[in-house]
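Going in written order, the chains are labelled A, B, C and D, and every chain counts its residues from 1.
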Amino acid sequence: MSVANCYLPWEAEIVERTQETPDIFTWRLRFTDPEIARQYTFQHGQFNMLYLYGVGEVAISVMSGDGSSLLHTIRAVGRVTQAMMDLRVGDRVGVRGPFGRGWPLFDARGQDIVFVTAGLGCAPVVSSIRYVVANRPDYGRLVIMQSVRYRHEALWAPQYDAWRGLPDTQVLLTSSRDKTRWPLWELGRVGVLLDQADYDKNNCYVMMCGPDQMLRDTAKTLIEKGVPGPRVFVSLERNMQCAVGHCGHCQMGGKFVCKDGPVFPFPEVAALMETEGF
Amino acid sequence: MNPAADPNRTIDIHVPVLTRVEGEGSLEFTARNGKVEKLYLRIYEPPRLFEKFLEGQDYTEVPTIAARVCGVCPIAYQMTSIRAMETLFGVPSDPWIHAMRRVIYYGEWLQSHTLHVNLFAAPDFLGFPDAISMAAKYPEEVRRGMRLQGLGNDLLRLLGGRSVHPIGMKVGGFHRAPPRHEVADMVDKLLIAREDARQFVAWAAGLPYPVDEQEFISVAIQHPQEYGITEGRLVSDHGLRVSFEDYPTHFREYQVAHSTAYYSLMDGRSYFLGPLARMNLNFDRLPQPVQALAQELGIRFPSHNMFMNVVARALECYLAVEDSLRILSDYQLPARPFLDVTPRAGIGHYCTEAPRGMIYHRFELDDAGRVSFATMIPPTSQNQLRIEQNLQTAMERFGLEHSDDELRQFCEQVIRNYDPCLSCSTHFLRLEVHRD
Amino acid sequence: MEHKPKIAIHKFASCSGCQLAFVNMGEDLIELLQLVDLVHMAEVGSMAPEDQQVDIAFIEGSITTPHDVDRLLKIRANSACLITIGACATSGGIQALRNNADSGEWMRSVYAKPEFIQSLSTSAAIANHVKVDFELWGCPVSSRQMFTAIRTLLYGVPPLSLREKVCQECKRRGNVCILVTQDAPCMGPVTRTGCGALCPSFGAPCYTCYGPAEGVNTASFGQRLIGLGLHPDQVARRFASINNAAPAFSEATRLFAGEEGKS
Amino acid sequence: MAEVPRYFPRARLAELISVVQRAGFRVIGPRVDQGALVYREIDGVEDLPQGLTDEQAPGHYRLAANGTQRHFSWANGMSAIKPFVYAPRERLWRVDRDTHGIHFRPLMSIAPRTAILGVRACDLSALILNDAHFLRNLYPDPYYRLRRENLLLIAVNCSHAASTCFCASTGDGPEVSGGYDLLLNELEEGYLVHSGSPSGDEILQKLATARPSRRQLDQARHQLDACRQQQRAMPPAPRLTGLMSRLDHPSWDAVAEQCLACGNCTAVCPTCFCHREVEAPALDGQSSVHRRDWDSCFNEDHSYLVGMLVRPDIKTRYRQWMTHKLATWQEQYGRSGCVGCGRCTTWCPVGIDFVAQARRVLEDEA
């Protein structure tokens, strides 16, 4: 990010666009300034501020890529994101980033890796899963747990199937609102998967993403099961406007989620996640 | 062109919605054997019962609520109620406040008059269905009108904060005295606008008007020195000379069985209010430059050609620019922009000149300064009978042999000429249509 | 843009002030008319029928007659997006004061022959009759609100609607709080932003013309007004003003007019 | 007040102002507006208040004559320095669209060189906190920096504390301890003046001053001592972190009954930094301006997330304000975010007393 003016976006072009589900789409972006494209790097778990011309900015995790091929997966939920869904290949947007603290993928080398996600929370995690898969020898067992509301909402289902076939890898899926149980699927919230997961609780890193309540409940269960608290990481969402720790919206107690997070070791935020209003 | 129609045919014209007037209304008339038999001007505006809402309100709230009768001339509503209460409370006059009140009034006149001349009336005489299509052919003229309208809004904003339902006035004066630099900016704008305003009058005076000579009594406020707006007495060109509190003895509202609205009579006769009436009575009180421009352009008052109402309106725009400029060029910051008032029980009457003509308010207050009874009579309801009479004679003179469409268009022109403000709904009702 | 969006402005019971705010855009209006087709606005002479399909219908005024209801239904059925402008359309306006009164009695006292009046006994907000997509509050709305709404919709995005209190904007403007320095009964702390804190910038107390803000605490604020020397009835009237029928304000009116116990 | 100050009589204050103006600064000073003192641009000494003092109480501010010739014998006005460095509304950048794409351009308004006259100890402490937030950050704020670098600060030691002041307990006043260019002590007949920076030295050199007498130095000291005797006292910072272990305390509910969530407190607080970003597209669709406006944690959109509000009610919002200001601020910037100016109490329309509320939650007897 430009240190001279951290508020100023750079222009980027949509070079590819995929409609993943009726309300989720993926953009491949390229900075139009080759110099910026060359300099841009990110860590898994960081995010960019994407700007829609004339409307405003939203925080979106960086899925993968580099400055000339940057992937973002966006769910159309409100003013900005719904209008973003109408953009076409060739259209221009603004990008600022990357911001925040990412996943501890480096520290986690040699350990078992447990990913837990719910809902669209999967976006920031999927890029890390891909990273672990690509660097499989560096890590121990890989457990991927994902819950969705309805099975048909499961984004990247084929991708999950592919991961399932990898050695030392477990993929556990559940849908919380479906009525019928599908093969390879459980019914219920993510908690129902925890008992099936197979990992070394003393030598693992857990990375989680999803609604606050799911993060809190799952983290507590995992810690009760013996996973050391500092090994449990959560990625949080708060209202974000400046992304550089100035605007104050993302504060959670003394933390600025944008710069101190969005990824936190659970113990850093555990107390605040217990109380409504932080 | 349509072939001439049989003038003795039975004509039933119903203009469902009058356009390019403030508010919504319609016209319905029937002619048989070459005579207009029945003619109603209908107002759609459903009753909003303002006089009732005002009962029980503190005098301080009255200007706020009264303004909501009409978004087109809120200053007239605020000012008339404010002055009614001030006269009751015995608030002395203050030159600064008086001058600023004229300026804010000029703002409203300028805004309302340019809107009418530019967007409502001109398309009639230049043969366009509406202002939008006229703008394509006369872009510069339309822009000039809009600039002047914008200037009116700027004057309103300077003293009132915004152009519709301004918030700057209160019983006793103004909430805020504009700081010097804002006034200086305004003076600059007025200086630039002078030429626009002169051209605007010339343009308006040169539009191809029909001639519609009518018999009518002009009524307006007259002031010994100034062009009457907020101070003076009521006069007519038939000998009326009375103070505002005598309004009820000479003017009377009544409802007629077949009609849709209250009508007003002055000493039993219909009368006419508005820019033309004002010019007819007060032309000699206009500032010198305004009289000079009229002479230069060959504009003469008094006039009984109804279409001169448009010209009168345009000339008042120039008056607004010139006189505001004179007042604001000598601007001094006052120690305080208002006088203290002490409420007292009693009845306050007042009249001022709204853009469309004289407006009358009467408030009955209790000792705590709360309203116990309110009456507000807008100019359009006072002009109502005059409009219908005008239509009747003008139509027969125009010739019933014209096609229905032409007749309809002509009627609309005649009505629009009064710039009737149908939003002033205090006394307008909507009734069923009586059809033959 | 493939097609020029069609917009219409319809009037019901109102003072026409909001339409005028639109006409008062000045030269911006000319700019705007290059971007959209204004197909209905009686004031300027454009008169497409109510059943013409439009992209955006702006509604001014409240619903007071059965005929209004028919017209409104027709407009709604033919508009992709329906936006209320101003207090009348959004909350029923000042004329909603009659909702609580015996309007038959009121009619009789104002009109000699009330039997001719065909009128619903209430003045209702548009949302009481049809679905409203967006509300532009204010009495009147400002030209800026209207063209920002249109501009944003042209971008395919719903207009932003801020609901914070007038105080916030008042402080941004650097105004001194006249409630604190002069005990003025300024309604800023319960009134929705949008006007630019106009009244307090003129040293005048706010009178709620932009309607209730979000999360207002009318009970506490009303008590404070009593503390400043207002009689509870005066407090009730401060709430029962331009937006008297907005739920937060009508409840507050009842609370301070002491009718809570009676009903 | 380490080194010895200089002295000039009251009549020379006008000269100080014109020296500063001639050095190329616009001068901001206290002015009376709608019954209160506020920092506004001044042309000269005639625009300053004279012989006025302030009476402050929860939800109450009045000016009153005090029969002196003094210009600064009041505690503080409605706003501190915050608006001059962190503007209430700041245009950040502009984007233009053409057939090639969209082009971003920063809107760095040229910050005028600005001298602020009459700055108090609490205001200076707050400015240091503003600096910490906006500048000592991985991404320093360029807009803030530009304004900040163009400031000349002429501070004044307080000679009178309002009933709402508690800077003595937070350690931020009433005596100015640093961060100024010039510092005044207003005495009955004139001023003691110190310089605190090279810019201050430069101005001081252009001013005719004298050595102060012992009596004058004593007067200054006594004034300050008297000013330290304040009616309110905030518990010390370490105790304030205890607020975070009392998030369920019933007095949060009680204060929520009274609080209007109007955000006047956060707006007048010299250290609150929250703002929202706003887009203002031009009507023709060819450009757009992106700006930021002061925001408040009392507003619903402050904690908005698609489909939910993190702080849905007045209770959680009030608690956010107080816990942030007094407790979690310490985690962020190593000290409490409150400098004891008392503005949040004076300018609260319903007069909620910040210190009393903190004590209630901490169950601390005043």
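Just so we're on the same page, a residue touches a chain if its C-beta (ideal position, glycine included) is under 8 Å from a C-beta of that chain, and two chains touch if they have at least 3 such contacts.
Keep in mind that this is a model prediction, so the values were computed, not measured.
Pairs C-D and B-C differ in how many C-beta pairs touch across them, and the larger number is found at B-C. Chain C and chain D, compared by their mean Cα positions, are separated by 37 Å. Between the Cα centres of chain B and chain D there is a gap of 51 Å. Centroids of chain A and chain B (each the mean of its C-alpha atoms) stand 65 Å apart. With each centre defined as the average position of its C-alpha atoms, the distance from chain B to chain C rounds to 25 Å.
Within chain D, the positions touching two or more other chains are listed as 281, 285, 295, 301.
Residue positions 151-152, 155, 203 of chain C each touch two or more of the other chains. Multi-chain contact residues of chain B (touching two or more other chains) are absent. Contact between chains, as defined at the top, is found for A-C, A-D, B-C, C-D. The touching residues of chain D, counted against chain C in their complex, run 33-36, 38, 59-62, 78-79, 83, 88-89, 257-264, 267-268, 280-285, 293-296, 299-301, 313-314, 346-347, 349-351. Listing the residues of chain C that touch chain B in their complex gives 11, 13-21, 23-24, 26-27, 29-30, 33, 38, 42-47, 64-65, 68, 93-95, 97-98, 101, 103, 106-107, 109-113, 116-119, 123, 139-140, 142, 195, 198-199, 201-204, 207, 209, 234, 237, 241-242.
On chain B, the positions that touch chain C within their shared complex are 17-24, 45-53, 56-58, 61, 64-65, 68-72, 74, 111, 115, 119-120, 123, 129-132, 135, 142-143, 146-147, 149-150, 153, 161-165, 167-168, 170, 175-176, 255, 257, 423, 425, 429-432.
The touching residues of chain A, counted against chain D in their complex, run 1, 3-11, 13, 32, 51, 53-57, 77-78, 92-94, 237-239, 241-242, 244-249, 251, 253-254, 256, 259, 271, 275-278. Against chain D, in their complex, chain C makes its touches with residues 28, 31-32, 35, 147-148, 151-152, 154-155, 162-165, 167-168, 171-182, 188-190, 203, 214-217, 219-221, 224.
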